[in-house]
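Before anything else, here's the structure in question.
By written order: A, B, C, D and E. Residues from 1 in each chain.
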């Protein structure tokens, strides 16, 4: 087993024991993710995308196979605070202002006050929420909350970012804008990003590698390496190359559904 | 004011009185929707799409202007059970099985048991949930719950369908599939459908008319009549005509945002 | 911002605002209750008057009956004004340090109530923290905490007092401990629920940051449990008062509202019972309201207020 | 001064005037005693308090004290300021009762908690069953007040000559409306308010000395109270922390109490003791005590105190 | 002092604690085994309390009139079954159950009635809170005076104690349906009673059961305490107050044990019913949404 990459999964399986029998959320998943890659996970609902991210984050224990994160076990990686995680729902603490919510992981890590302030200002700006730092979460619309939770993960400034459908609740214009921002950030900082999405164009636009999954049991059915350049203006989405990759992803996805 | 159409709004306004001042959710909205039209509403978060649907459904009282539904006031229309409503969130009752949830409006209308059974079977099939009727909502994934709530509105079988982002929580494949199904249903039954969405391709693919809205105060900025034929295979989305309309919608939307 | 003129909303009329507040409805309901009460007083006190008149060989007119039933010395149901007069006499018209002052007795009970409430809340929170962090405690403690509340405290209070005296505790503390016994229960139940109220996603988030148990507690569990804490404290403070009153009986019932209730009961002084009862309920209502004020203050500081 | 704690059997009232007088008038102080008087009440059982170390000396009625002794708490009577019993059964005339023969089928209110023994003994003597069987009497555990009689919930209730009886009168019934049966007259009386200590106390000479001084001062208090009933009642009122007692009632009570203490110099009359024991042992199917108690009283203290 | 007993009690305690800690860390596959552990752990805890109690009473020679050892209480229980049964009948069957049913039932009906009038709701609820703060020991003598000595007055006390918790909880529960759930009913043009039956009552279920649970322990305590203020010579409260004066403390504890057992069983039955009826609520189905 190589340990060079950021993530290395070998025959990874995870079965949930539930009241009406076992649920095979992940089954024999093999995947390598190198430093600086931007990997999208796409697949129908319930195919194990969230579960895979949770295994990386040491929030679930695999029931079979092996996985290494930065060459360590997930637990060691978690203790080393190796990653930032953006959940599928915003999950902000309602008794803290946006600022304080972003400060929370920094407080826990013991980052100094002045640095906290600095980082908060930077990430708020990044997600276009400058000026909203003193508001409480319930004073913001759903989309703004989601952006705040992204800011919180960015403030953490880990080398590995796990993002579970971060842009699901946003409208297309905002989404396009944040996609651009995220790409810029990734380009600048050379972070490794694992990104779950339901949108094929989004996956193709962002990724260096697209992992297509299918459910029951959760498997990786295809891994597509993107041939798009690192520099990606928004209108790259109308190029034939883009449409070609999108088509391949769509085909892979369709195979996992019962339609047609 | 004409009364021929299904919906006729004249200078419709709605202002919410809140603690930090009035919120102008709708402002001078003029709109006519004829029988059998498929109208999509698109616009950034908070522009009043939900509010407009709620006014039609007599769930909010306008503070200015007039609106007629089937030539009646919204209240009369509601009492006449003129519409089915799919909310932005699934809103299934957790103490009823999926079947029983779908049966609920039928029970209230006094539909006979045997007909209830028949309709339930039909709509469950339509949304690909056959076999899940005896499950409770919390035993289903979010996407399945959303489909069940669509089934519930369809079982109701009203001539006017109000759908508030019904496919927001679904992945692209399922979404495509349900888009097709919905179009078929609309084509077959000649229902009038008001449909809120964040997705430009979805709006263009489905609609005969696209209403673009912008926020603060909520206004209608553009009404685009689709030139696409009634018969629409999925790959119509790659035609120049389609892309042309999508472009116009995108431009209209972008005008409502502060980016670029 | 927009140029849309503000909608000229009509200010709700005075009548409408009073109708939609609480003061007017409460007043009207109180008035209805008082009216029913007066009628009930006549009917419930009438047999005694008939009996008395019968033995004296008189017959009673209706107006006689009404006036007499409202001025009995030991009525079955005292008329509202009798209770009000008694309350007035024993609060406003007496020096508050006098043993005949209801304020004095209320203070005696209140001090035990507050002590018991404070100990009960601390104990309840402590137990809840223990239960939430220790599975064995969770499984074994809860059924017995429930069972403890099915024991009639009045029955074992005398033994508790004696045992406590034996280990050197007397005065305020034994009474306070009985009130603790009653008040810790709602706090445990509420706080266990409250400390467990963060959803699994919020807990997972803490885990991803590798937060310690203490950090998770102080930054997540504790703030999330605040609404539960205050709701159970409202129940607990009212129960504390009952506990303090119960605790006064086996200590010789020398002072306090419990002593008043008992003395009133012993001498058949119904009016005195009722005024002590109202004092107790009023005290409880005040305490609950105070906890409510503290609640909204904390909520405001946490940015949760309306 | 030597500390001593006295647990009363009931709330502060003229029934205990002797002790309050002794404290108030400095009789205890003269004996170099610092006596703390703890009021009782319906929820206070003096034997339990003394067993738990909550008091050095308690007041109790002899039936209860002897029953406790059999349960293993060695209470000893060291003095008996009350010569006669003040207990009686007070009945409404309109219930049709004029003699004990009329009790059959009637509802009688009784105090429990150790005070029911003389009553049960009496009924046993009269041949009435108290377990609810048809040709017996119906027994109620009466609360603390006289309402059951006023509201005709009971035909008769237990009263003390010095207390509840007058509450009935105050409530508007006249002596003519009532029939009373004094336990003294029916020959079923048992000894009331006596002074009891634990056996161990008598083994300690220093404690014995304290008790001697206590009894001497207390009896001085009682005799003073008998002679100055009104002032005694006022002293009691001053010591009443509940503020619920009235002057009229306490003065009247003191007058009645004086009649009960009049015949006693403090020393227990062995004849009274014998009569009480006999009554308690003949309690029918459920006697209060099963065997003749031994060492349940002593003249040691009164002998030293009164001579 | 007999240190042997104390030592034994402490050793037993530590051993039982360790065993419990070990037991709760087991995660057996079999459902039956999990259930077994769920039962054994609290039972072991209870047994430990009894052993500690016995050890301390014997070890420190606590006089039995203060605190009898559990063994003596057990002897008394087994020796007085008919008496305990008669008391149970009088207090639980005659007073508690009817009082509980009447109190909870009328609280529920009152809640439905005032639900239609926001005016009454605002007017009555603060007064409800006021009345439920009235201490039992003040109400009990009044009820005895009004309703006589027998079970009726005890049931009346129970009614007063249980009425308001039920009223307040039901009113709160009827407001629990979310606005979207209510809007849904509106879009169906459902009538008041339809909305009540199909939405608001099911949604109020958890609140109503909350009141039923609180009331199950309140009712028992209320009835027992009321018996202190006058009663026929049978009943658990009567026995407790009469026997304490006779220094039969073991009998007092026997009654307390019966009361605790009956109260816990009552609570348990209500809790089980709750699980069955509100199976859908997150707190019952274990938090999965």
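One rule holds for everything that comes next: a residue touches a chain if its C-beta (ideal position, glycine included) is under 8 Å from a C-beta of that chain, and two chains touch if they have at least 3 such contacts.
None of the values given here were measured: they were computed from a predicted structure.
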item: Topological distance between subunit D and subunit E, in contact steps; value: 1
item: Touching chain sets, computed without subunit C; value: one piece
item: Interface ranked first by C-beta contact pairs; value: C-E
item: Chain centre separation (subunit B, subunit E; CA means) in Å; value: 50
item: Euclidean distance of C-alpha centroids - subunit C vs subunit E, Å; value: 19
item: Centroid distance [mean C-alpha coordinates] between subunit C and subunit B, Å; value: 51
item: Centre-of-Cα separation between subunit D and subunit B, whole angstrom; value: 86
item: Contacts with 2+ other chains: residues of subunit E; value: 66, 141, 145, 228-229, 241, 244, 249
item: Per-residue overlap in subunit C, given as positions that touch at least 2 other chains; value: 76, 154, 158-159, 162-163, 166, 199, 249, 262, 265
item: Residues of subunit C touching subunit A in the complex; value: 199, 201-202, 204-211, 215, 219-220, 223-224, 226, 302-304
item: Contact set on subunit E toward subunit C in their complex; value: 17, 20-21, 23-25, 37-38, 41-42, 44-46, 49, 66-67, 119-120, 122-124, 126-127, 129-139, 141-142, 145-146, 217, 220-221, 224-225, 228-229, 237, 240-241, 244, 249, 252, 255-256, 259-260, 262-264, 266-267, 287
item: Residues of subunit D touching subunit C in the complex; value: 8, 11-12, 38-45, 48-49, 51-54, 143-147, 150-151, 167, 170-172, 177, 240-245, 249
item: In the complex with subunit C, residue positions of subunit A that touch it; value: 54, 57-59, 78-81, 83-85, 87, 89, 91, 93-97, 104-105, 107-109, 136, 156
item: Residue ranges of subunit E in contact with subunit B within the complex; value: 178, 180-181, 183-190, 194, 198-199, 202, 205, 278-282, 285, 288-289
